[in-house]
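Consider the two complexes below, in which chain A is the common component and chain B and chain C are the respective partners.
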Partner chain A sequence: MLRKKLSLIVLALMLTLSFAFVGSVQAATEITFWTLSLSPTFDDYINGVIAAFEAENPGIKVNWQDIPHAVAEQRTLTAAAANQLPDVMNLNTNFLKKLGALGALVDMDTAAADVKDHYFPGIWKAGEVNGVTYALPWYITNSLMIYNKDLLAKAGFDGPPTTMEESWEMSRVLYNKLGVYGNIITSIHLQLPKEGVYLVSPDGKSAAINTPKALEMFRNYKKYYDEGLIPDELLLGQAKGIEWYAQERIAWFVTGPQLFRQVLDMAPDVYHKSSAAFDVLGSEEVVNVAVMNIAVASTSKNQDAAVKFAKFMTNAENQLAFSKLTAILPSVIEAANDEYFTAGKDSTDAAELGHYIAAQQLQYSTDLYAPVENVTRINRIVNDEIKRVLLEDKDPAEALRDAERLINELL
Partner chain B sequence: MARKNKISRRRLVHTIFVYLCLTLLAFFTVIPFVWTLSTSLKGPNETLYSFPPKFIPQNPTLNSYKVVWTTLPIPRYFFNSVILAIFQVSLPVILCSLAAFPLARMNFKGKNFVFMVIMATMMIPGDITMIPIYIILTKLGLLGSRLGVILPSAAGAFGIFLMRQAFMGIPKEIEDSAFIDGTNTWQMWRYIMFPMVKPNIATFSILRFINSWNAFLWPLLVFTDPKMYPLTVGLYNLRGAFVTNTRLVAAGTIIALIPIMVIFVVFQRYFIQGAYSSAVKG
Partner chain C sequence: MYRPSHAWLFMAPALIIMLAFSIIPSFMALGLSFTDYNVFQKAQWVGLDNYRTILRTGEFWNVLRNTLSYWLLVTPVLVTVPVFVAALVNREMPGIKFYRLLFYFPVLVSVVITALIWGWMFQSNGILNYLLGLIGLGPVRWLTRRTTVLPSLALVTIWQGLGYYMLFYLAGMQSISLDVYEAAELDGATNWKKHIYITFPLLRPVIFFTTVISTMAALKEFTLMMTMTGGGPIGASKTVVYLVFEEAFENLEMGYASAISFLLFAVILVLTIINKTTLDKEQE
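After this line comes the complex of A and B, so read on.
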């Protein structure tokens, strides 16, 4: 009896050992790759790129996991606290800056110096914190205008606004004639840089917001608000601009072309009355660009393989293929020159035309977020101050002084 | 006669008022659900965010459900949810009632101290313990396993408190007569006490089931393999990075809701009963 038991144990041990042995033979370099909300829509694409990479680099195995965008911060921070960050991860710009400042990411200026000039310079900048770039830019979207042709025609206009002054002029007519809103103020931190008012100085050491131009803008916003041109619900974020657009309560809305389809989803008749146009450029002739980045964890045990994979994922060929699947733009210059992006030039469909315009806007695209760690809190300060000016009659000059002081405290 | 009439009229007004309030309450509770159901049945050419909202779809279609079913492995997610729910209900019920029994029916040194310490853990918000627990799981090598989801909630202060109150409500005479008949402590718990608190166990089970079924963040943190995701986490994939199809999300929500509705309807009797009994015995 005892012998039987013993032999069973020995057998079990041998089995485990043999598995361990097989495991150690297979254990080549394994890297983990996290993406944000790309599964299941892009399963085929991502798996295809991974398969191509593995075929090109025998001995490297990529494990892919997709994280819902809404909880990415919690997921990543928990993993970082437990030293469990994936080797390669897809991060949005705000969060990238936090992790970069913590020293959790690999310096790409050095690690990817050989491919740096493949990307648009204004977009490469997105990964910068205090002078170091911590990520490769991946897919990007910039914002352009979707507008309601019917509403503009009813108010007596034959096209969308092209300058800031014109846009407010048109908002006034729309509001007085039809009770419909035009310009809305949602992200003041993106409006100010368009007119040359940067929140933080270029070296990231001090606040740069308190300028005469900013004061003029704040005063103008107050004037428009008092005329009733700026709806409280959108200012306070209680309603979504895209939903208001679908309900024909605003005549134009500035957003990424990938979200135009959501109007089609919510209100097909409004979508068919819509067309696309350039975002109003402002005095600096720039538009903001939202960049998705790929970063490599500095705790990664296989940094070389991880950097190699990050470069592969963001190269021209793979980015172009990705752009063809959905309304996004590549961050690599070579991919953006493809004829695919000029196809929608004469389309009457808002999303197709928008796709063409978005690619045309790439030359104006810059990441307008301040290149500092606390950028999320700084943006909040500025937005809170403008709300105080509009809703609580705070003096614009005082609001700017307060914003300057609060930003300096964070730097 | 007149006096009696007056009273009944007052009572009538009172009843109408109460019913009006209850109807309003029911209306506002049910509206989001009805909207979700109607959205999930609407065809691609129908307006979703119209004002006032339209609840009856013009061209009702089950297409959204079909799309959800074919794009996501729903049966697998469902299976994962069920496995988690089984353990996240049975383990707390057994462990909490085992812990509650001595706290309710026995006398030993430091009993109150132990009870206070357990209760004190209720004051610590889950967000604070999240990262420490995550690190412990990593060290134990439980990251990515079902145990990692199940163990942290296998016993909790709330369950111990609930079961202790239930045990305290059983008359001492029953215990005494069982002792005279010669039961030991284990038999006392297993054959006398445990069967007597069934309504409370039902209440606790339903609460645990709802918690387990709706859990989102913790399973997402622990699981590294998407094949292990429960329904809530898996269905979240319907919210894509670029376009969220509201109809699909609505259909997914309804799919996830069905099991919980079934459970509630089946166990409704125990639920109300349990809620009563635990209130009276407090």
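After this line comes the complex of A and C, so read on.
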């Protein structure tokens, strides 16, 4: 009898222990998720998505931490040095390319092959370095035009420019008639690809910038600069275009629609004179897209769970819900087709109309950054060379030759 | 009863903090400067390669030239002008504390706020060009030309540092015994002569101190360039520390960046030794 009782107790203990063991194994799959400056504004949304994910995947627990955007790179480097990179990371495109090239991220072409065709192809390639994609695109914004109807009317125009040539013609009239700028040049590395001039070859092995088209563009920029059409401070990044727009020093400005409201805060009267239009597409009919990416660390001990969560976070349903909270766009085709994005079509409010136009521009949106590790340095080389041409009268052909040589040294 | 171990006990907290956050990291950085290290992969020993590459590339010499030019623009002014400002406010008169505060006020403003305010003033349509326009001058391209950018940035540093260095001189002047001045007065010395023969010679240790401090500050300047010009136009205001930042945190070349830091350390060390030996010789 006693023996039977003892056996029962042992059996009960074994069962309890085995359940506890299974429970501890399931709870052990914890993943850390870092976002950039989304808390506290989007706490409810992010926590809601995490709760839904955890409900669908009872064995996985997600620990969310929000990192201020300004210190994101330093925090990531510190975490990497301490071998404590989060499993899932929200990264900007430049930093992502660097990390991908150094082998710090999981290859998403393989890990997320099943969902690759859910995303816009031009946006999917934001995570590409040396032919491999290291992230899933998350929320995005593309650039379009906010323009001052009054200033254009005073200069004799009834609408914003639609081609590059027209935009410079209009800039000339605006400057000579009103002393106001039109086109400005801030990031030449994003202007050149719009006209078919790419900084590096498609295989990322050599510089591709030194072309007759690039030479023509450099010469034209020099001509416009000498006419006074390109302001120094904006060229050198020492002033903010959106502030100059609010001060009516420029008649149009190309930026994401989420920034239009800044004009309303700074100068309500200017905002009420404003409307939104398509960005000038250039000969390639593309607009640049700013992508926030989600990547998985290659050091993650729970890569499968991390990839699963990255896919969940960026799926159509969750991206659509996120887009409805603020002026961002989804990178997933299905979410972008929702009727929500046609709501602002007839709006007279610049930001609402801008949101509609941004969604319409998705078909032209593509990541215009060179898909190589040293993209930041390459962009600086090209921008420095055009500045030498404009500010210091360097020969455009020589500038392109130097840019080509310096880029090749980096590749 | 006093024992030497008590002194160590009192010094221990500061010593531990210094060891943990300054001395040990410095030696680790020195070690790092002989490696190729990008944080994500293991450091690889490369010997003196980083130093050789730095000395071969034009960019280091360009930023070193910028840094030394900036130092020459800033330090002589910050060593000499505050002496006169201190002499000016080192007197008893109604409201003198207000004047002292007025000179010291810029020190209290953060560098980023200073950069923003001066950035607006330096704009092509800013107040400085407006004022110059009133007397038929300008416009000056303060921050957008190679020739003007460093003097403009130096002006901001001088504006901000004047009160800080004035305070050291003021403390130095107030520690000079009044008896010495009274004796000089009895001998018929004028105010100017009292400064030349008493104040300035007795301020020699303070002058050495301000020279060293302002030299180090000028050679390590970075925030102002980062916030006002981004190192531009075309690298014309990029300093050595700016290059260290770029190499370390943009290009992830930690070993290379550490090597640049140690070259800057060597430059500062040499300048400090020259300064000290010059002053020591004069004193002898």
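Quick note on the criterion: the second predicted complex is superposed on the first by the 384 of 411 C-alpha atoms of A that agree within 3 Å, B and C clash if a C-alpha of one lies under 4 Å from a C-alpha of the other, contacts with A are read in each partner's own complex, and residues count from 1 in each chain.
One rule holds for everything that comes next: contacts are C-beta pairs under 8 Å (C-beta built on N, C-alpha and C of every residue); 3 or more make two chains touch, one makes a residue touch a chain.
Keep in mind it's a predicted model, so treat the numbers as computed, not measured.
On the superposed chain A, the two partners chain B and chain C do not both fit; they clash.
When the two complexes are overlaid, the chain among chain B and chain C that reaches more residues of chain A is B. In the superposition on chain A, contact of A:Asp232 is made with chain C only, not with chain B. Applying the stated contact rule after C-alpha superposition, one finds that A:Ile333 touches neither chain B nor chain C.
Of the two partner chains placed by the overlay, only chain B lies in contact with A:Asp265; chain C stays clear of it. Look at A:Glu392: by the touch rule set out above, it reaches chain C but stays clear of chain B.
Legend: residue contacts after superposition of the two complexes on their common chain; A:Arg75 is shown touching chain B, with no touch to chain C. Once the two complexes are overlaid on the shared chain, A:Leu102 sits against chain C while remaining clear of chain B.
When the shared chain is aligned, chain C comes close enough to touch A:Thr376, but chain B does not. Shared-chain residue A:Asp384: touches chain C; no touch with chain B. Comparing the two complexes, residues 74, 77, 81 of chain A contact chain B in one case and chain C in the other. Those residues of chain A that touch chain B in the shared complex are 36-41, 65-71, 74-75, 77-78, 81-84, 243, 246-247, 258-259, 261-262, 265-269, 326-328. Chain A meets chain C in the complex at residues 73-74, 77, 80-81, 98-99, 102-104, 231-233, 236-239, 249, 374, 376-377, 384, 387-388, 391-392.
Note for the complex: chain B touches chain A at residues 44-51, 71-72, 130-131, 134-135, 138, 143, 216-217, 220-221, 224-226, 233, 236-237, 239-247. Listing the residues of chain C that touch chain A in their complex gives 38-41, 119, 123-125, 141, 143-146, 228-230, 232-235, 249-252.
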